[in-house]
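In the two assemblies presented below, chain A is common to both, partnered first by chain B and then by chain C.
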Partner chain A sequence: MHIKEVEVHNFGPYHGDHRVSLDGGRPVTLIHGENMRGKTSFLNAIRWALYGTALDRFKRPMERTKLVNRDASESGDWKMSVKLVFDVDGVPYELTRHIQPWLNAVPRRDADFDERVYLIKDHEHKKPEEIAPEINRVLPERVSRFFLFDGELLNEYESLLADQDRQEHGIKEAIERILGVPAVENAIADLRTGLRDASKRLQDLLRQDNMANALGTSLRATESQMETEEKDLEDLKRQLDERSKEQRALQEQVQAYATIQKDVEELDRRNAEIEKLRAEEERLHADRRDALAGAWKDLLQPALEGRLRQLEAAEDALMQQFRLATELETKIKMIDDLAQRGTCPVCQQAAPNRDAERAELAGKLQQTHFDRDKLAEVSASIRKLRRVQGAGAAQTIRLIEERLAQILVDTTHAELERDKVHDRVKNHNTAAAARAYQEWEQATKEIGLLQQCIKDRTDSIRKLEAQAEDYRRKIAGLSGIAAASLNREVEIYQQLIELFRHGVDELRNQLRKAVERDASEIFRQLTTDKSYQGLRINESYGLTIVDAQGSDVQVRSAGAEQVVALSLIGALNRNAVRRGPVVMDTPFGRLDPKHRENILRFVPRMADQAVLLVHGGEVDRTRDLACIRDDINREYEIERISSRRSRFATTVG
Partner chain B sequence: MTEEISALDILLKARPTVAPKVPEELVRQVFEIEERVQFDTDRPQAVRRIQQAVSAAMAQEKIKAAGGGDAHQGS
Partner chain C sequence: MADAVNIGLSEEGHAAIQMLKDAGVFNEMQDAYRFAIALAIARGKVSPETTKFRSNWHVNGIDKDESIRTVIMEMFPAAADRPYAYAERLADAGVLELGSLHKAGTLRFADLFAQVVAGAGVAAPASGG
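Showing the complex of A and B:
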C-alpha cells in the first residue's frame, strides 16, 4: 500500500479543506509541527478514514463530536470528511469517509451522525458491504499499530521484557498477527469444528449397533464436554483480551505512578539527609562553644610551659629523694626486726650484731633532707598548671568552622533538590495515579489468573481430544463399509489438526529466529555502541541487548529502549504478511543526536513509504536531515493559525 | 535479503510424516482459506469452506479409487 494523498475537511484543527500529497519518487515525507498543532490529528485522520476510529492518547476511541473542528461546529457546520488516495500493487484506490448530523440539531453523541464510506477500486465503486473486508485485506486494522504509531507504542514494546507474569498479552498477540500466525492457529479451531461435525454424523450412523452405540454415546459425551470447554476457552480468551486492553489503557498512568513513587522516596531521602546535616550542625555549634570557652588558655601557653618545666624538674628531684629515703628506712626496719627476733628467720642461726651498719644507714637517711610536704606542694602546683594548659582550641575551632561551611553547602543543595522534588510531587495527581496503579495491579493479577485458566482449559481439551480419538478408533474398528467414508473424513480432520498444530509450533519457532536475526542486524546499524553483538529474543518477542561477551545487558537507558523497540518494528515489517506505509508520530523523543541520525538513515529502508511527524525538539531540519536529504519526498510545516486552527505549508518539494 | 518464512511450506514439508493420509492439495486449500480470512473479525465462512474442501478431496479419492489409483496417497 502506498498513500498518495490525504484530504481532510474540518478534521481536528484542520478547518475547511486541506490536502497533503505524499506522492513522489522518494520514500520519506516529513511533517514538522510543534506540540498542539495537529501532528497526531493527521495520523488520526488516516486511521479514521481507514477504520472509522480515531484514538486519544490513552488509545481510547474518540467521540465524533470531539473530532469535528471547533470553529466549524460552533458555526453550525458539523460535516467532516477524510479522503485517502492510495494504490496497492499498482491498483488505484480512493477511500472517503464522511460524517454529518442526521438532523439539523446539534449532535451530542456518535449516533447523531450519519456516516458514509465510499471506496473506488480500480475506477469501480465497491458496494458498502465490500468496503470493510477490502480495507482489511489491504491494511488490516488489527495490525495497523505497526504502521500507524506514535512514540507511546514504543513503550508497549518495552513491556515485552517485563516479568513473565506481568507481560502485556495484547502486544504479543498483535505481533503474531502481523507475522501471520493466526492463519495456522485459526485453522486448528475450524478443523476441530469440522471434526466434531463429521464425528456426529458417524455416531448417528452407528446408533443401530449396540457396541458402537455405547461407544458413540461415550464419544458424544466427551465431545459435548469438549464443546463446552472450548466455549469456555473462547470466553476466557475474550476476557483476557478485554482485561489486556484495560491494562494497556492504564499503562501510562502506572508509569506516572512509578515516577511519583520515585519522587516520594527521593523526597524522604532528601528530608532525612537535611535532618542529619542539621543535627550535625547543631552538635558542631555546641562543640565550637565549648572550644571557645577554653580558648583563653592557649594565650597563656608559652609562660605556663616554662613554669611547668621547672616544677616538673623539682618534682623529679624530690621523688628521687623520696625513693632513696624510703629505701634506707626499709633497710633500717629490717635490721631492727632481726635484732628484736635474735635469730635469722631463714637459717635459724643467731643474728649477728649490725648496729654499725644501722648507724651508717641512719646517718645517710638524715642527710637526704627529703621534705614530704614540699613534694605534695609541687605536685599540686603541677596539677593546677596542667588544668589551665590549652588543648589546641584554635585548631579545633578551625576544623569545626570548615565542617560547618561544608554542611551549609550540602544543606542548601539538598534543600534546593528537595524543593524541586516537592514541586513535582505537588503537581502530580497522586490519588488518581495510585488508584490507576491499584487497578493496573488488579488487572495484571486477573490476567495472570486468566492465562492460567486458559492453559488449564487447553490441557483439559487436549485430554478430551485424546479420549475422543480413542473412542473413534474403537468405533472405526467396529464399523462396516457404510461408515468407512465417514471414518475416512474423521481421519482426515484428525491428521489435519495434528499437522496444523505441528505447523504453528514450527512457524512460531522460525518466526522468532527470523525476528531476532533481523532485529539484531537493524540494531547493530542503529546503536552507537558497536561492541554490542545484537539482540536476543524471548518467548513474547521481547528483545534483550547482548554484549561483546554474549551476556545480556541488564540495565539500559530510555534511549536504548527506543532503539531496541525500533529494531523490533523494523524486523516485524520485514517479516510481516502485510506491508504498508509507516506513519510515525514523535518517534525520536528520547534519542541523543547520534542515535537520531542512525535512525533517520534507517527510516527509508524500514518501509517503502515513511511519513514522519516530528517537532523541532526532535529533529532540527537544518542540522539533522542532511543524512537523508536524497530520500525526502516532501516536507510540510503545520502552521498555527489560532488555537483551533492549523494548516499545512509546503517547505520542501 | 533474508529468506521469507512460509507457513504453507512448513505445513507441506511436515505433511508426509505428520499427516501422511491427507492429500497435499487439501493442506494447501485449508491454509489458503484461513490465510484469506485471518484478518477478518468474523470468520463464519471458513469452517464451511474447509468442510467443502475436505468433501471434494474425498470425492477425488473415490474417483481415483474407481479408476484404479491410490486414494490415500498425498499428491
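Showing the complex of A and C:
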C-alpha cells in the first residue's frame, strides 16, 4: 500500500479543505509541527478514513462531535470528511469517509451523524458491504498499530517482556497476523471442513455394510462431537478476541489507575501518619497535664533552694554561737567546781583563785547572744522546706515539649505533602479509574480462563481426531473398492492437516528466528553502543538486548526501549505478508542526537513509504536532515492560524 | 485578721484559668492554681492587695499537705499570719501570666523551667504584706 494523497475537510484543527500529497519518487515525507498544531490529528485522519475510529491520547475512541473543527461546528457546519488516495500493487484506490448530522439540529452524540464511506478500486465503486473487508485485506485494522505508530506501541511492546500470564494477548496475536500465521491456521480449518465432507460421503457409502455401518455410526458420532467442539473452539477464540480488545481499550486507564492508586495509597499513608502524630500529640498533652499537676513544686525549687541556703547559713551561725556558748559554760562550770572543792582532784594541792578568769569567761558568754529558740525555729523551717520536694516533673515536661515541637514540624510537613497528593487525586476520576481497573482485571482473568479452555478444547479435538482416524482405518480395512477412493481422499486430508499443523509450528519458529535476525541487524545499525551482540526474542516476540558476553541486559533506558521497539517494527515490516506505509507521530522524543541520526538514516529502508510527524525539539531541519536529504519526498509545516485552526504549508518539494 | 479559708481569683484571673482548663493545658483548675502560685513566687510577682477576689476553692482542697502554707510562711515571713490570703494574690498574678502566654501562643513550660533555673525572675524572699 502506498498513500498518494490525503484530503481533509473540517477534521480536528483543519478548518475547510486541506490536501497533503505524499506522492513522489522518494520514500520519506516529513511533516513538521510544534505541539498542539495537529500532528496527531493528521495521523488520526488517516486512521479514521480507514477504520472510522480516531483515538485520543488514552487510545480511547473519540466522539465525532469532538473531531469536527470547532470553528466550523460553531458556525453550524458539522460536515467532516477525509479522503485517502492510494494504490496497492499498482491498483488505484480512493477511499472517502464523510459524516454529517442526520437532522439540522446540533448533533450531541455519534448516533446523530450519518456516516457514508465510498471506495473506488481500479475506477470501480465498491458496494458498501464490500468496503470494510477490502480495507481489512489491504491494511487490516488489527495490524495497523505497526503502520500508524504513535508511541502506543512502545507501551504495548514493553508488555511483551512482562509477566506472561498477565501480558496482553492482542499484540502477540497482531504480530503473528502481520507475519501471516493466521493464513496457515485458516488453511487447517478449511482442510478440516474438507475432511468432514469426505468422511460424510464415505459413511453414506458404507451404511449398507453392518460392521462398517456400526463403525461408521461411531465415526459419525465422533465427528459430530468434533464439529460441535470446533464450533465451540471458534466461539471461544472469538470471545478471546473480544475480551482482548476490551482489555486493550482499558490498558491506558489501567496505567492511569496505577498512578492514581499510588497517589491514593500515598494519601492513605499520609493520613495514617497524620492521625498517628495527632494521637501521639494528644497522648503527650495528657502526659504533660499529669506532669503539671505536681510540677508547681519543681518550679518552686530554685526559689526554695535560695531560701534554704539563707536559712542554713543562719542555722550555721546559730550553731557556731551554740558551740562557743557551750564551751564557755563548760569552762565556767569547771572553775566553779574546783573552787567549791578547794583542792585539785589530781594533785591534792590547794586550788588557786581563778575568779578573774571566770569573770572574763562569763563576760564572753554574755557577748555570744546565743538564742536557743531561734535555732530551733530555723532548724524547723529548714526541715519543713526540705519536705517540699519536686518529683522531677521539669525534666519530664521538657522531653514532652521537645517531642511536641517535633510532632508539630512532622505534622505540618505531612499535611503539606498530603494536600499535594490530595490535589492530584481530586483531579482524577478515581471511581472511573477503579472501575476500569476492576474491568481490566476481570478481562485479564477471563482471558486466562478462555486461553485454558481453548487449550483444553484443542486437546480434546485432537483426541477425537485420533479416535476418528482409528475408526476410518478400521472402516478402510472392511470396505470394498467403491470406498477406496473416498478413503484415499480422507487420508489425504488427514495427512495435509497433520502437515499444516506441523507447518504452523515450524512457521512460527522460522518467523520468530527471522524477526530476531532482522531486528538484531537493525538494532546493531541503530544503537550507538557497538558492543551489543544484538537482540534475543522470546515466545511473545519480546526482545531482550544481548551484550558482548551473550548475557541479557536487564535494565534499559526509555531511549533503549524506543530503539528496540523500532528494531522490532523494522523487522516486522521486512517479514510482513503485507507491506504498508509507516506513519510515525513524534518518534524521536526519547532519543539522543546520535540515535536520532541513526534512526533517521534507517527510516527510508524501514518501509516503502514513511511519513514522519515531528516537532522542532526532535528534529532540527538544518542540522539533522542532511543524512536523509536525498530520501525526502516533501516537507510540510503545520502552521498555526489560531488555537482552533491549522494549515499545511509546503516547505520543500 | 483571720486567714482566708476560701480562696479564688480576680475576674480576669477566672477568665484566664477557665481558658487554660478549656484548652486542655491543665487537667484541673486547681493544678493551674498551684502552678500559678509557684510561677508568681519564681517571678517575684504578686497582685495588688486591693484586688477584688471571687472565691472558688477551699484551702483544704488547694493545699492538702499544707505545702503552700509552709512555703509562704517560710519564704514570706511578713505574710506568715495570713498565708492563704497571700497565696491568692500570688495565684492571681501567676494565672494572668500563664493566660497571657497561652493567648500569645508562647506558653512552653520547658521555657518557664529553664528561665527559673537560670535565675530570670527568681524572687528574693519578699516581705509580703
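The rule is short, and it goes like this: the second predicted complex is superposed on the first by the 406 of 653 C-alpha atoms of A that agree within 3 Å, B and C clash if a C-alpha of one lies under 4 Å from a C-alpha of the other, contacts with A are read in each partner's own complex, and residues count from 1 in each chain.
What we mean here is this: a contact is a pair of C-beta atoms (placed from the backbone, for glycine too) under 8 Å apart; a residue touches a chain by one contact, two chains touch by 3 or more.
Quantities reported herein were computed from a predicted structural model and do not represent experimental measurements.
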In the overlay, answer first, second, both or neither for which of chain B and chain C A:285 touches.
second
Tell me the contact category for A:263 with respect to chain B and chain C: first, second, both or neither.
neither
On the A-aligned overlay, A:402 touches which partner chain: chain B = first, chain C = second, or both, or neither?
second
Kindly classify A:381 by the partners it touches after superposition: chain B alone (first), chain C alone (second), both, or neither?
second
In the superposed arrangement, does A:193 touch chain B (first), chain C (second), both or neither?
first
Scan A:488 for contacts with chain B and chain C and give back first, second, both or neither.
first
Check the residue A:296 against both partner chains and state whether it touches chain B (first), chain C (second), both, or neither.
second
Using the superposition described at the top, determine whether chain B or chain C touches more residues of chain A.
B
When the two structures are overlaid on chain A, which partner does A:561 contact: first (chain B), second (chain C), both, or neither?
neither
Overlap of chain B and chain C contacts on chain A, residues none
Contacts from chain B onto chain A in the complex sit at residues 2, 4-5, 7, 10-11, 14-15, 18-22, 26-27, 30-31, 33-35, 37-41, 43, 46-47, 50-51, 54-55, 57-58, 61
State the interface residues of chain A toward chain C in the complex, per the touch definition above.
285, 288-290, 292-293, 295-300, 302-304, 306-307, 310-311, 381, 384-385, 387-388, 394, 397-398, 401-402
Touching chain A in the complex: which residues of chain C?
24-28, 31, 34-35, 37-39, 41-42, 67, 70-71, 74-75, 108-110, 112-114, 116-117, 119, 122-125
For chain A, which residues count as touching chain B in their complex?
133, 136-137, 140-143, 177, 180-184, 186-187, 190-191, 193-194, 197, 485, 488-489, 491-493, 495-496, 498-500, 502-503, 506-507, 510-511, 514, 517-518, 574-575, 577-578
